[in-house]
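These notes open a run of structures that come right after.
In what comes next, chain A is part of two complexes: it sits with chain B in the first one and with chain C in the second one.
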Partner chain A sequence: MSASRTSAGSRQVAASVLHTALLVLAAIVFAYPLLFMFAAGFKPGDAIFTELGSPTALIPDARWSLDNYRAVFEKGSIGAYLLNSGLIALVGVVGGIFINSAVAFALAKLEWRGRGLVLSLVIAILIVPFEVLAIPLLLIVSKLPWFDVASGSLTTGWLDTLHVQIVPFLANAFCVFLFYQFFKDVPDELVEAGRMDGAGALTIYFRLVMPVCKPVIVTAAIILFLGMWNQYLWPVMTVHTSGARPVMVGLQQYFGRTTQWGEIMAYASLITLPVLLFFLLFQKHFIRSVVGAGIKG
Partner chain B sequence: MASDASKFGHARWSEVAAMVGPALLLFAGFVLLPFLMSVAFSFTNIKLLQPEPLEWAGLDNYTRMFALKVIEAPSAASEVEQQIPSRQWRQLKRAQPASFEGYQYLARISIGDASFLIGARDPQFLRSVANTFLFALLVVPMQSALALAMALWVNRKFRGRVLLRTVFFSPVVTSMVVVAALWGLVLHTDVGLANQVLRSLFGAGTTQPDWLGDPHIAMLSIAIMSAWQGAGFQMLIFLSGLQSISMEQYEAADVMGANRWQKFIYITLPGLRNTLVFVLVSTTIMAFGLFTQVDVLTGGGPRDATSTIIFHAVRVGFREQDIAYGSAMTLVFFVFVLLLSLAQKKLTAKVGS
Partner chain C sequence: MPNIVFRQANKRYDERVENYVFKGLDLNIRKGEFTVLVGPSGCGKSTLLRMIAGLESVSGGELLFDGVRVNELPPVARGVAMVFQNYALYAHMTVYDNIGFSLKIAGLPKAERHRLIVDAARQLQLEELLQRKPAQLSGGQRQRVAIGRAIVRAPKAFLFDEPLSNLDTNLRGQMRTEIAQLHRKVGITTVYVTHDQVEAMTLADRIAVLSRNGLEQFGTPDELFDMPANVFVAGFIGSHRMNLIPVDAAHSPLLEHLTGQTHAQIAAQGVGTIGARPEDLQLVGGEGAGVQLVERLGAESLVHLELPGVPGAVSVLSTDRGLAFGQRRALQLDRRHLHRFDAQGQRLKP
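== the complex of A and B ==
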C-alpha cells in the first residue's frame, strides 16, 4: 500500500519535472528570438554571432552601447518613419472607429430601405483579399485629387503621401461587423429611452450607445492599429520617397542595404516595442479581440 | 420618404445618410471599384505605361496562365541531353520555332519507358501555384497541430499559464517583416542559430542545411517560420472553442472511468469540430496569400522555389507593370479563397442543423 503510494508520488514528481522542462523549452523557442532581438540591438555585430547560441546572447555584455540605435536614427532616419507610422495609425484608428461604428449602428438599430443590401455588401467584402484590389487601387489613388491645406492648393495623385496609407483603409468590413454584433446586443430600451427624450438617431448613437461600448471600441482600435502599423505591401507600392515612408518599409530597405546585424536588430526593436508594450498593457482586450476576430471573421 | 418606416419614428434619411454615407462611399471607391476594374482588366492587354493600343484580350490572360504543351521526348537524344531536359527542350524549339512559339520548358515526366517534355506559356506561374500548394500542405497541419497543442496545454490549470500564453502569443503581434528579419539570423547558413544548435548537438561535421538557399528546403524553412509566428493566433481560437465545451461532459466521462486520451477523442475533438474547420480553412486562406515572408527573406528564390501566386502576381502586375495579367492571377487566387470560404460554410452548417 505504502509502496504504491510512493511510486505514485514519484511519478507525480517526474511528471512535474517533465512539465517544467517542457515549459522552459517552449518559453525558449517562442521567446528567445524576441529577447535576443532586444539584447542584440545593444551589441556590436561580431558579438551577436559569436554569442548567438549561448545564454549571454540575451544579456548586454561589457561592450554594450547605444551605437546601433544612434546609427539607425542617423542613417536610417527611423525617427521620421516612426512619426509617419504613428500618425497613420492614430488617424486610421480614430477615423476608423467613427466611420465603422456609425454604419454598424444604422445597420443594427435603425430601419431604412437598402439596409439588407448594405449588410450583405459588408459581409461580401469580408472575404475579398486585399491582394486582389491592390493593383487597380494603385491606379485609382494615383489619379485622385487632394486639397492640400498647408499650401491651399489642389493636387492630383495620392502617391508618396500619408493619406494614401490611411483613407483606403478607414472603412473596414471586419470592424463594421464587430460593431454590428455588439450593437445588436445593446438593449432596445436604451435607444427607446433616447427617442422618448426627443433625441435623433445621431444623438442616440453618439451620446447613449457609444459610451456603453468601450470594450468593442478597444477591440476595434487594436485590430485597426495592428493593421495600420504593420502595413507592408501597400506602402511598398505607393510610397517611393522617404517623406511618407512607414516603419515596415524602412526596415525592409535597411535590411537590404546593410550587413550590420546589430543595427537591424536595433531597428526591429524600435518598431516592435510600441506594439509589444501596447499588447502587454491591454492583454485582456487584445486576446478577447483576437478571439472575437477569429470566430466571427 | 413614407416607406422608410423607422423603428423609432424619426430616423430621418439625412441621419441615416450621415451614418452610412462615409463608409459606403469608401467601400465603393476603394473596394468595389478596384474589384470591378480588376475583373475588367483581366480581359484586356492593359499595362501601367501603355505602349500598345488598349484592346480586349478575351480569355488570353487566363489561358496564358495554364497553357501547356506536351511533347514526347525524342529517345535518340544524347546522354547529356537526357540529364538536362531544358536543353533538350531548347534544341527542339530551335528546330521548330513556330510551333514552340511562346512556350518555355516546365518539367519532364516519365511514364513507363516514354518520357515527355512539358512546356508552359508561363512556367513561373505554374511553379508558383505548385509552391503555394506545397506551402499550404506544410504549414496548415503544422500550425494547426501546434496551436491545438498550445491551447490544450494553456487550458490546464498550472502556475505560469498566463505567462506561457503571453509568450506563445507575442510573435503574433510582432510584424511579419520583423519576424522575417529575425529568422534571417536564425537560418543563416554559417553563423545562424539553427545550424549552431545542430553543430553543438551532432558535432561540427554534421550536415548543415542551407535553410533558405537550398531550393528543396527553402519553402519548409518559411513554413516553419510562419507556423512559429502565427500559431499563437489559432491557439486563442482553440481556447475559446475549448471553453465552450461543457464541463459536465468531462465529469460524466470521469464517472465512467474514461482516461485522458479517450476524453480527448470522444469529447474534446467533437466539441471542437467547428473551431477546427474554421482554423483549418482560415489558415489555408492565409497560406494561399503568402507574400511578405518571401518578399523579405528570399525574393522568390532560389530558382523560383519560394515564388507564390501572390508573389508572382505582384512581380508581374506591379514590378513588370503588366496589370492585365496580374489582375487575372489575383482573380484566380480570389476564386480559391471563395471556394474555401464556401467549403467552410458547408462543413460548419452541417453540425448546426
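== the complex of A and C ==
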C-alpha cells in the first residue's frame, strides 16, 4: 500500500518536472529571437555574429552602446514613420472598437430582419484572406472621394494618405465575432432593464453594455493594434511617398539601404517595443477574454 | 394606477405558425390589486408579464391601461416598472446610480434625483449601501436595490418576474413579507409572477392560474382553494396536492370507501373525477387502507395510503405521530369537502 503510494508520488513529481521543463523550453524558443534582437541592437555589427553561439550573447558588456539607435534616427525618418504608424494604430483601435462592437451589439441584442444573414456573412468573411481582397480594394480606394480639409476641396483617390491605411480596416470580422460572442453572454435582462428605465439602444450600448465588456475591449484593442501596426502589404500598394509611410515599410526600406545588422536590429527593436508594451499592460484582460471566448491561437 | 385589461389578446412568437402561447385571453387586473400569475414552467406567465411591460408584443387583441390601448407603446411610455428574476442590476454602477439611472435618463435635475433616490433607499433600508456596487451586496440586498430601482420612478404598476426564486427559504419568506408591506404602503397595481403557489396564496389579492392551455381560473386565493374551476387548478393550488380520483372501475373500492357509492353510481351523476384535499381527509380506526409512506412535516405528517387492488395512493394530512409504514387505517371524509369534476375536468356544482 505504502510502496504504491510512494510510486504514485514520484510519478507525480516526474510529471510535474517534465511539464515545467517543456514550458521552459517553449518559453526559450519563443523568447530567444526577441532577446537576441534587443541584444543585437546594442552591439557593433561584428560582435553580433562572433557571439552568435556563445551563452553570453545576451549579457550586456562594455561593448554595448546606443550607437545603432543613434544611427537609425540620423539616417532614416523613423520618427515620422513611428508617428504615422502610431496615428494609424490609435485611430484604427479606437474607431475599430466602436464600429465592431456596435455591429456585434446589433447582431447579439437587437431584433431586426436579416440579422442571421448578416451574422453568416460576418462569419464567412472570417475565412477570406486579405490578399484576395487587396486588388479590388485598391481599385475602390483609388476612386473614392475625400474632403481635403487643408485645401478645402474635394479630391479623388485615397492613395498616399493615412486614412487609406485606416478606414478599410476599421470593420474587422474577427472583432465583430469576438464582441458578438461576449455580448451573447450578457443577460438579455440587463438590456431589458435598460429599456424599462427608458434607455434607447445607443444608451444601452454605451452606458450599460460596454462598461461591462472591458476584457473583450482589451482583446479587440490588441488584435486591432497588431493588425494596424504590422500592416505591410497594403501600405506597399497604396503609399508611395514618405509622408504617410508606416514604420513597417520604413524598416524594409532601411534594410535595403544598409548592411549594418546592429542598426537593423535596433530599428526592429524600436518597432517591436510598442507592441510588447501594449500587450504587457493589458495581458491580464487579454488572457481572461481569450479563455472566456474559447479562442485558441 | 391603471387597471390592466387583456381583451381577446393573442400571443405567438412566429406570425407564420399557428402556435399560440395565448389565444383570445381575457383578463382584468383591477386598480391597486396585487395579482399573482401562477402556473407550471412553460405556461406563459412570464410572457404575459412581459407583454404588460412592453418587452413582448401583443400579437392580436388589445392590452388596455385604464381603457387606453397600449399595444404599440414602448416600455418606458407605459409607466410600469419591472423587477427581474436575476435582479438585472448594472454591475458597474453603485446602488445610488442603479436606483437613479431611470431618473437620469428622464433628465431630472440632480437635486430632485438625489431626493428621490435617498427617499427610495430609506423606504427599503438601503441608505448605508448607496455607495456599494452590486457585487458587494447579498442576495436580499440586491433584491431590495432592484425594487428600489422600480419604486423610484413612481410607476403606475409594479411587475415582478419570479423575484424571490434566487433566494434561500428564510430570505424568501422575509422578502415576501417586505413586498406585501410595500404593496400595502404604496397601493400600486402589482402583477407578480411565480411558480410557487405558496407565494401566490400568501401575497395575492387575486390569482390567475395559467396552464399551457391558457388561463384556467382567476380569483381570490380562497376561491381557488375552495372552489377550483377544474382539475388542473385543483391539482395545482394548495400546499399539498389534492387527491384526484378518476371515476372508473379500477378506483371503485376507493370511491366507495370515501363516498359510500360505487363508481357507476357516481358516474351516472356526470362525475368524471372526484377530488379530496389531504387536509379534509381523516384517518380513523379500521383496516381499509395501508400506510405506504409518512412524510414528517413538523406538527403534521403527510401520510400516503394504498387500498388493496387500487392503483395510486391517497395522501392525508395527519397530526398522529404514531403512524408508520404497514399500519392500517380507514379514511373518512366530510362530504361537504368533496370536489366533483365532469369528464372534461370542469367543476360540477353541488
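Heads up, the rule we're going with is that the second predicted complex is superposed on the first by the 252 of 297 C-alpha atoms of A that agree within 3 Å, B and C clash if a C-alpha of one lies under 4 Å from a C-alpha of the other, contacts with A are read in each partner's own complex, and residues count from 1 in each chain.
One rule holds in what follows: a contact is a pair of C-beta atoms (placed from the backbone, for glycine too) under 8 Å apart; a residue touches a chain by one contact, two chains touch by 3 or more.
Fair warning: this is a prediction, and the values are worked out from it, not measured in the lab.
Undergrad: Both complexes share chain A, so when I overlay them there, do chain B and chain C fit or clash?
TA: Verdict on chain A: chain B and chain C fit.
Undergrad: When the two structures are laid over each other on chain A, which of chain B and chain C touches more residues of chain A?
TA: The partner making contact with more of chain A's residues is B.
Undergrad: Check whether A:Arg195 is in contact with chain B, with chain C, with both or with neither, and answer first, second, both or neither.
TA: Touch status of A:Arg195: both partners.
Undergrad: Give one of first, second, both or neither to describe whether A:Pro187 is in contact with chain B, with chain C, with both, or with none.
TA: A:Pro187 contacts chain C only, not chain B.
Undergrad: Pick one for A:Ala150: touches chain B only (first), chain C only (second), both, or neither.
TA: neither
Undergrad: Rounding to a multiple of 10°, what is the angle at chain A's Cα centre between the Cα centres of chain B and chain C in the superposition?
TA: Once the structures are overlaid on A, chain A sees chain B and chain C at 100 degrees.
Undergrad: Quick check on the superposed pair: does A:Glu131 touch chain B, chain C, both, or neither? Answer first, second, both or neither.
TA: The first partner, chain B, only.
Undergrad: Check the residue A:Val176 against both partner chains and state whether it touches chain B (first), chain C (second), both, or neither.
TA: So A:Val176 only meets chain B here.
Undergrad: Touching A:Pro211 in the superposition: chain B (first), chain C (second), both, neither?
TA: second
Undergrad: Using the touch definition from the top, say if A:Leu233 reaches chain B (first), chain C (second), both or neither.
TA: So A:Leu233 only meets chain B here.
Undergrad: Taking the superposed arrangement, what is the smallest distance in Å from a C-alpha atom of chain B to one of chain C?
TA: Distance of closest C-alpha approach: 5 Å.
Undergrad: Touching chain B and also chain C: which chain A residues?
TA: Comparing the two interfaces on chain A, one with chain B and one with chain C, the shared residues are 192, 195.
Undergrad: Quick one: which bits of chain A touch chain B in the complex? Just the residue numbers, please.
TA: Counting only chain A, the residues touching chain B are 19, 23, 26-27, 29-31, 33-34, 36-37, 48-49, 52-53, 99-100, 102-103, 105-107, 109-113, 118, 121-122, 125, 127-129, 131-140, 167-171, 173, 176, 191-192, 195, 200-202, 204-205, 226, 229-230, 232-233, 236-237, 248, 251-252, 255, 261, 264-265, 268, 271-272, 275-276, 279-280, 283, 286-287, 290-291, 294-295, 297.
Undergrad: Where on chain C does chain A make contact in their complex?
TA: Its residues touching chain A are 53-55, 74-76, 80-82, 84-86, 88-92, 101-102, 105-106, 149, 153.
Undergrad: Considering only the defined contacts, which chain B positions touch chain A in the complex?
TA: Residues of chain B touching chain A: 1, 3-13, 15-16, 18-20, 22-24, 26-27, 29-31, 33-35, 37-38, 41, 48, 158, 160, 164-179, 181-186, 191-193, 196-197, 200, 228, 232-234, 236-237, 239-240, 278-279, 282, 285, 289, 291-292, 295-296, 310, 313-314, 317-318, 323, 326-327, 330-331, 333-334, 337-338, 341.
Undergrad: Going by the contact rule at the top, pick out the chain A residues touching chain C in the complex.
TA: Those in contact with chain C are residues 187, 189-190, 192-193, 195-199, 203, 208, 211-212.
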